[in-house]
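Same chain, two partners: subunit A is paired with subunit B first, then with subunit C.
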Partner chain A sequence: MLLSTSIVLGSLLALFAVVILKGAFALSLSMITETPKAGYYLGGGGGILNAIVGSLYLASGATALAFVISIPIALFLNEYAGRSRFASLTRLSLDILWGIPSIVYGAFAFTIMLYLGARASLFWGIITVTLFVFPIMTRAMDEVIATVPLRLKEGSYALGSTRLETALKVVTRQALPGILTAILLAFGRAIGDAASVLFTAGYTDSIPRSLFEPVATLPLAIFFQLSTPTPEVQERAYASGIILLIIVSIASLASRISTRRLMKYVVK
Partner chain B sequence: MIQARITINKLNVLFEGHHALKDISVDIPEKKITVVIGPSGCGKTTLLKSLNRLIDLTEGAEISGQVIVDGVDVYDARVDVTDIRKRMGLIAQTPSPLPMSIYDNIAYGPRIHGAKDGSALDQTVENCLQIVALWDEVKGRLGEPASKLSVGQQQRLCMARTIAVKPEILLCDEPTSALDPISARNVELLLKMLKKDYTIVFVTHILSQARRLADYVIFLYLGELVEHGPAEKFFAEPTDARTKAYLEGAFG
Partner chain C sequence: MLLAAIFSSLLVFIITFALIQSAAPILTSQPLSKLLLTSYWHPTTGDFGFYPFIVGTLFVTGLTIVLAVPVCLLTAIYLAEYAPDKIRGTMKPAIDLLAGIPSVIFGLWGVLFVVPIIRNYVAPLSGTTSTGYSLLAGGVVLSIMVSPIIISISQEVIGTVPFRLREASFALGATKWQTTKHVVLRRALPGIVAAVVLAFSRAFGETMAVLMVVGNVAKVPSTLFDPAYPLPALIANNYGEMLSIPLYGSALMLAALILLAVVALFSVAARIILTKLESRST
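Let's look at the complex of A and B:
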């Protein structure tokens, strides 16, 4: 008990400590309010607002798109497919997709982009990230929806509701806290991944004004800053890490709070 | 002579080879309480679920025979199953409120059948809660989650929710088994009151409860219909040896 807590909490604190100790001094207001100025990567002024906004655009877009794909599949698997072969084949495919490293998705999307003659852009970044987070989201939702008790569904059916009404109004409602967790899990993976967006979303010092412009992301900002020879810029990489940690923590906290509120109606 | 509301004709149910109901043929009288008795595992719940086709949800169930309500076989391919279930409300053994507020639990049924929000729906919710004598206990907190109610209150809520879709027949699957004696008595009194408006089929394995409630009795044993008849006759002069043994408490 004590050991498991200390291992988990210990690694969390150690990670926070290293990132904060190395990055805190480089953290400044201009870091989060300005885009990079000329010579930024050589120690010049400016910030990484481009990557912050870019990451939020990309992760939100991909999470929203993945949600649109995941919720019907997860409901279908549980409320319509039953124990059919389709259901187990779908689950098996999702599990395999889940296990594939994100760089492979990046390479896959890049191949398609080359074929279509498309350039790296926010749009393709969202598509790629959606591809690799939707299996995670779907399976997470699937697991939660599977725990909705049969008697609850029977209660709904007995009142003369259709499958769709039961799925949307009762099952989804009961599973809502878990669904929210699944969304957050996907969002966390989406905002933290560098490999899949390297070729597909590109990188730029400005904030994109349309879906078809390249976009910067925080993980890549960290990567580029860390790989410069200038110590000050390397410190900024850790500062960017702090910003990423803060975003993920806020999302996690927000979902915690809303989960607690949603739990109110859940039937035990 | 009784007036039949439901006519069951050669009903057979198989669960992956297990013969759960064998050739059941019986009439269920209108606006009476018909109690289905028998020991556990004799097919009582299966019989109830076959009436409103909730059994369709059980994977691997094979059903043959007819259940005729108002001249229509509920297993006819042209029948709308949601309509069947709306007309035959089922009250389950353990109350399972829906994951929403007290108000929404009652309003759920009317809403899926097209009711719009407004004072008419408010009135329906109040009426239904009045009927099950829950209104006074919850009127100030209709927005609270239904799961916060006690089990006895939840069961009355489930009854109110069933009544809200205006069924004609109430199917009750041991609805008092999870309740304390006082709540159970309230539910029984409620059903006795409701039988002037509804045809009620009540499943129980408690003989004393059957004696208190029944106008008509159906005795199932190992998936077979052993004996059925008006309550006075059934309890006073059972004909089958198995019925006699059961009534004397030899098994079950």
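Let's look at the complex of A and C:
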């Protein structure tokens, strides 16, 4: 049993060790501050600023849009629908949506884009990633909001507030740490997923200036750099991997710290 | 608010409908049995035999479960029943971190670490040569990817087994391991099965990590060291040629539809198991 636990922990450590050791050499300031110059994928100069900024735009947009959809659903499921058949149906649909692989979301969005004659762009990338990420966010929020103690809500109703006021002012305040964790969890999934943006966001060497230009994402940048025949570019792929790991770890750390900070608003 | 909730239920149907519509050309041009059971894959001549891809996907996912479940179940039991608080406190953030790592990074690690080990050490030990890009590589990488799912759900479920059951077992003179094996696990079995089913569907649909290590050769793999070509990798690798060859796009959408159907089935099954578990314990 101890062996199994050490295998799991060991794999995590091995993963970090290998990626960091291999990529540390190629990591330089120019990697994160410059966009690719001509011939980048064959050994030319430049960095992956296009992918870093692109990923941040895409993931932030998708997380924001998913939040706008998720919070109403989570509040609705807990405040208004309760144990009804409709709530069970919605939760079942969310479970199915949660399990759908990201490439199916990409394929689905692609068929819509073909039907509308649209081109791959930041806009469609955001839409696809939003669809992929909102079940994850909603399910996490649903679980947290369900733990809000009944007496808080009863107290609020006793003072004469409506269900909407209770939901927006009392419940969200109590569930705030959990909601923030759900948002950051979704952000981490959104920024790291490659399959959903493969067809829908395109790829480019520049930073998009409008919503309808194609956008480069970090996972795809890593993948394309790894697929070149030049060893120096492959090294850059490992360095890009480190950058992605750092971003995801920051999100994870931020969620832990903010949870602890926000616990002062939570009634025990 | 109501609209948002209705939207999520509708979305499942919309996605299914859109995929069926786009897979319709190939579904109507050839009988389903020919599509699913033949192995001849030549898009330029209009032959789409999905069999190697379906079998490849099943093998990779099956291998993942075989590799992951014993290790993760033992880890979950250890963390829930035996581990001191300090170890439990260290493992929880570790497992959360593992759950958050993007799949490209797993693929990167697979290419850098797992594939060379298979090529240089494991294959010669078993008497065959291999490029390292194999079913085994895919299985190992995927099993580490799904381990957080299995460990966290199993640990939670084992934790909800009522203490009085354990007390009764101890009162009858059983050792801790006997109690764990015969009482706790039996009670937690539905939850553990649900965790395994969820891990199965996650591994089934995983794209990036698998396509980087599994070799992508459209042939039914005959040994662990042969390359395979799972369905998600098929879609991801060939989306560029989708529109240039007739029926190719439709074939890839059919692959996506198969993925959707299998995953939806497993998600519903897991939900049913978990609901039965909840109603039994209340």
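What we mean here is this: the second predicted complex is superposed on the first by the 258 of 268 C-alpha atoms of A that agree within 3 Å, B and C clash if a C-alpha of one lies under 4 Å from a C-alpha of the other, contacts with A are read in each partner's own complex, and residues count from 1 in each chain.
Basically, a contact is a pair of C-beta atoms (placed from the backbone, for glycine too) under 8 Å apart; a residue touches a chain by one contact, two chains touch by 3 or more.
Computed from a predicted model, the values in this text were never measured in an experiment.
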**Asked** Do subunit B and subunit C fit side by side on subunit A after the overlay, or clash?
**Response** fit
**Request:** Kindly classify A:265 by the partners it touches after superposition: subunit B alone (first), subunit C alone (second), both, or neither?
**Result:** first
**Request:** Pick one for A:238: touches subunit B only (first), subunit C only (second), both, or neither.
**Result:** second
**Fill in**
Max touched-residue count on subunit A (subunit B vs subunit C) belongs to chain C
**Request:** Applying the touch criterion given at the start, work out whether A:33 contacts subunit B, subunit C, both or neither, answering first, second, both or neither.
**Result:** neither
**Prompt:** Touching A:147, do we find subunit B (first), subunit C (second), both, or neither?
**Reply:** neither
**Asked** First (subunit B), second (subunit C), both or neither: which does A:93 touch?
**Response** second
**Fill in**
Quick note, subunit A centre (C-alpha) to subunit B and to subunit C: the enclosed angle in degrees to the nearest 10 is 100
**Asked** How far apart, in Å, are the nearest Cα atoms of subunit B and subunit C after the overlay?
**Response** 17
**Fill in**
subunit A contact set shared between subunit B and subunit C covers none
**Message:** Using the touch definition from the top, list the residues of subunit C that touch subunit A in their complex.
**Reply:** 1-2, 4-5, 7-9, 11-12, 15, 18-19, 21-22, 70-72, 74-75, 77-79, 82-83, 87, 90-91, 93-98, 100-109, 111-113, 144, 147, 151, 198, 201-202, 204-208, 212, 232, 235-236, 239, 252-253, 256, 259-260, 263-264, 266-268, 270-271
**Message:** For the complex, give me every residue of subunit A touching subunit C.
**Reply:** 1-5, 7-9, 11-12, 14-15, 18-19, 22, 69, 72-73, 75-77, 80-81, 86, 89-90, 92-105, 107-108, 110-112, 114, 131, 134-135, 138, 185, 188-189, 191-195, 198-199, 218-219, 222-223, 226, 237-238, 241, 244-245, 248-249, 251-252, 256
**Item:** Parts of subunit A lying in touch with subunit B, wherever the complex brings them together
**Value:** 82-83, 149-162, 165, 169-170, 173-174, 176, 264-268
**Request:** Could you pull out which subunit B residues touch subunit A in their complex?
**Result:** 52, 54, 57, 59, 82-87, 89-90, 92, 94, 96-101, 108-109, 112-113, 145-147, 158, 161-162, 165
